[in-house]
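Each of the two complexes below includes chain A, the first together with chain B, the second together with chain C.
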Partner chain A sequence: MKLYIPPQLTRLALAFAIFISLFLVLRHFLVPDTFGQYGHYRGASLIDNAQPEIHYAGQQACFECHQDIQDLKAQDVHSEIHCETCHGPGQKHVLSGESSDILKPTGREFCGLCHAMNAAKQKNAVFQVDLKKHNIGKNCIECHNPHQPWEMKK
Partner chain B sequence: MSQSTSAMGNEKIKSSRRKFLKSAATLAGATIGYSWLKSSQVLLFAAEPKDESLPWYGIVIDIEKCIGCGSCAKACKKENDVPIEPFFFRTWIEQYTVKNDGSVNIVSPNGGIDGFEQTVPDEDIFKSFFVPKMCNHCSKSPCIQVCPVGATYDSPEGVVLIDEKYCIGCRYCVQACPYGCRFIHPVKKVANKCTLCYHRLKKNLTPACMEVCPTGARMYGNLRDKNSELVKFLKEHTTQVLRPNLNTGAKLYYNALSSEVR
Partner chain C sequence: MEPHYQHLYEILANAQGYIFPNEIDLQWGILIVVYPFITGLVAGAFILASLERVFKVKILKPTYQIALLTALSFLLVATMPLISHLSQPQRAYEIMITPHSSSAMAIFGFVYLWYLMVVLLLEIWFDYRHSMVVWSNEKKGVMKWVYKILTLGVSDISPRTVKWDRKLGYIITVVGIPSAFILHGYVGFIFGSIKANPWWSTPLMPIIFLFSAMVSGISLVMLVYMVISHIRKKVIDVNVLDAIGKYLFFVLILDFTLEGLDQIQRIYEAEESFEIIKLLVSGKLYLTLFVAQGLVGTIIPLITLAFLQFYKHKIKLRKTMYFIVSILVLIGVYSMRWNVVIGGQLFSKSFSGFTSFKVGLIGLDGTLMAAFWLVLPIGILAFLLWLLPPWKMVEEEE
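Take a look at the complex of A and B:
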């Protein structure tokens, strides 16, 4: 017995087929190439995210030319503090070697960022001084060597 | 005579229409076929292969060690070209002060970049501490789920990243993040957030905030490697994630977290 398919159904099926094809064609052009490579996102975006230039060179890069200062620093309480914590981003300076490309911090407020009295700082985390009492009127680095704080300058 | 001409004309139209339909169908068929060949996973975008050979990053912040110097927040802005003003932060520090009467004072002037001053007099303070905040790099993150275009995602290393070229700046994710870690970049006008310095990780450098932290209060490491410093730390300390009730799968663990922290 021959199966009877009503003509409106065939037409409907045709319409569906056309719409689905159209959808797939549009999708083909609209979805970026690497979309879905690793998940529901553009795989090439991982490469984009790895692209930006670095500004902080990392402490190891400084040792190449400033081993003397590292040797000083390693002997004292600031040994765990990396150069760029105080000197700011150094990648430009590492590439150029120019002193104008790096910061040289000064002032009592700078040391105070870490050493000023604050009840929120845990007692054993850092040594705190009262900036309003500790040798006022003088810059910290006039007495303390920033790289070797207990090596007092005379 | 006139009838036969019109019949011939119809014939012509019919044959050219058939030709057109034929070539159109071939073109469409070829494109569809190619689009299926190109990526058989056209309908399977949700499948996410996990590469066990890559690290799976987690973060620890030790509140007992943080001294609120703001080095991390400053370095983060400089490393990632986030404008110093207006006040948007990928990482920032909050100073919590619990007073003797039980009230809690939370301040974060300029994200902590310029340091903190304790405004509550000593005799009123019950306890006080700093809480550095940043993206929790959740493994079941709400921000990814709400993105309508797939512009934010969990990288194979477990770092939640943004596709800046694909983001439409609709701000859904900014609202969805329960930790307030996202913002719209004032220059690029697309969503922006901590990437765990993905560009540095790929060059075997530590994230900028961890590079500059003077007390080692911030740590990151491979959660898959059971011998890593991070996993050892997690085993030896009682750590907690923020808002565990939301089940975001946060991978930023705080040591010594107080219940006042929100």
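Take a look at the complex of A and C:
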């Protein structure tokens, strides 16, 4: 007896073969050239990622000019806090040297971002100040040097 | 104050207690709620159709094609909420052309494709081929060619070939049941495998998703059957509703028990995350979990369905009750997806705080978009029912 193959089965096999080949052809053209160059990603994306403008300079760049601040900072509790945490992105200032190109925050609210009372924070981790009671009307930096907070200004 | 600190203060006002910086905004919004909901409807509707086919539940015959076409309409849209949620939707195809074996989403693409191409389309094709050949001979003009193309040119309707349609269709259904389980189990797996999130990370997640999928799919088919019969001005066969209602009742019991087990396990284990989860479910999720999912979506339908098993009320009242139950169950399952997806992102992984979620109305990630993806399958279903009307199919002798 001759083996009977239903016609719909052969037609479906053909349809699937066409679909899969189409997928493979499309895949051939759609996969980026540099894909798999270094790993399971597009190699050229490394070049793309190097393109955006740099905003943060890193504190070593600050210390090249501001050696004095480095020394001050090293002696007190803010030693681990990088310059750009408070002063904002500094690359523009590094390139121009203009003091208008860097933030110099002064307000009580700014210090309060870290130091305001917050029940959810661990008490001993960051010193907390009740801004509603502590020397109202005065700016923090009138008494504290932000680079050396516990050396009180006279 | 500087503008960017101003912004930070505004968004921090939505947070309670201590949260990590990347937890302020929810990464997965309402579209990711819609995605498992739609996928679940597909799997559930298909499983109901398979019941008729594999286990020969004759009474469900009028819902067989409706269930298959409902599954197809929703499956075609199932990935759209995900794609519109991407920041770069035009790159969505990349996950398919360079899939990484360690990426759960990439493999989902292939699970989805398998289910669409090999299971659902083939089953519908085998089921309709005979009718489509007949229709292409009857119709004139464009429609003649549409049906001709849909048959892929296989116009042989000799009894032997038609018998093979049935045989092959049966094989596909048998393969289809585990495939439907995998499809939706996989959606649960995607959440359940996220180790860092104690609200999601449980091996029960795929199973819970699967059973809630069956619950929602069965309800949807029941609802669609009633609406279609109403539109066609045909009598709704209450025996069909009773049969679907019975399955819905059993699956709902299983679903309820499994979710209950999951919660009891959590409560008894009381891991370090338990305190924050307790606050979450009794606070931010109270309405959607206890009221919408528990009371409206599970308890009330369970009591009603149990009641309907024992007391045969007047037919009209029974129909009304089934109609309301199916809508309530759909609301309940949608809430379940909400509670999982949104709930899992509301508490901080520090276990010491909460963020909050406000759904936007417009935009790619907004309510209107989500509503669109929920309404579109209904339009597709209407089109498919017009193109492939189950009530005009060629009757075959068994």
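One rule holds for everything that comes next: the second predicted complex is superposed on the first by the 114 of 154 C-alpha atoms of A that agree within 3 Å, B and C clash if a C-alpha of one lies under 4 Å from a C-alpha of the other, contacts with A are read in each partner's own complex, and residues count from 1 in each chain.
The working rule: a contact is a pair of C-beta atoms (placed from the backbone, for glycine too) under 8 Å apart; a residue touches a chain by one contact, two chains touch by 3 or more.
Keep in mind it's a predicted model, so treat the numbers as computed, not measured.
Chemist: Which partner, chain B or chain C, is in contact with more residues of chain A?
Modeler: Between chain B and chain C, B touches the greater number of residues in chain A.
Chemist: What is the contact status of A:A120 with respect to chain B (first) and chain C (second): first, second, both, or neither?
Modeler: Both chain B and chain C are touched by A:A120.
Chemist: Please indicate which partner A:L103 is in contact with in the superposed arrangement: first for chain B, second for chain C, both, or neither.
Modeler: In the superposition, A:L103 contacts chain C only.
Chemist: Under the stated touch criterion, which partner chain does A:C143 make contact with: chain B (first), chain C (second), both, or neither?
Modeler: Neither partner.
Chemist: Which partner does A:A13 contact after superposing on A: first (chain B), second (chain C), both, neither?
Modeler: neither
Chemist: A:H40 contacts which: chain B (first), chain C (second), both, neither?
Modeler: both
Chemist: Touch test for A:G112: chain B only (first), chain C only (second), both, or neither?
Modeler: After superposition on chain A, A:G112 lies in contact with chain B alone.
Chemist: Would you sort A:L30 into first (chain B), second (chain C), both or neither based on which partner it touches?
Modeler: Only chain C is touched by A:L30; chain B is not.
Chemist: A:A74 in the overlay: touching chain B, chain C, both, or neither? Say first, second, both or neither.
Modeler: Neither partner.
Chemist: Counting contacts the way the document defines them, which residues of chain A are shared by the two interfaces, the one with chain B and the one with chain C?
Modeler: Touching chain B in the first complex and chain C in the second, residues 27, 35, 40, 109, 113, 120-121 of chain A appear in both lists.
Chemist: Could you please specify the touching residues of chain B with respect to chain A in the complex?
Modeler: Residues in contact with chain A: 28, 31-32, 34-36, 38-39, 41-42, 44-49, 64-71, 75, 78-81, 95-97, 114-118, 120, 122, 125, 128-130, 150-156, 161-166, 195, 198-200, 202-203, 205-206, 208, 211-216.
Chemist: Spell out the part of chain C that touches chain A in their complex, as residue ranges.
Modeler: It comes out as residues 1-2, 5, 17-18, 93-94, 97-98, 100, 117, 122, 125-126, 129, 152-154, 156, 160-161, 164-165, 168, 352-353.
Chemist: Would you tell me which residues of chain A are touching chain C in their complex?
Modeler: 4, 6-9, 11-12, 15-16, 19, 26-27, 30-31, 35, 40, 103, 105, 107, 109-110, 113, 120-121
Chemist: Using the touch definition from the top, list the residues of chain A that touch chain B in their complex.
Modeler: 21, 24-25, 27-28, 32, 35-36, 38-42, 45-46, 48-56, 58-59, 80-82, 84-85, 88-89, 109, 112-114, 116-122, 125-126
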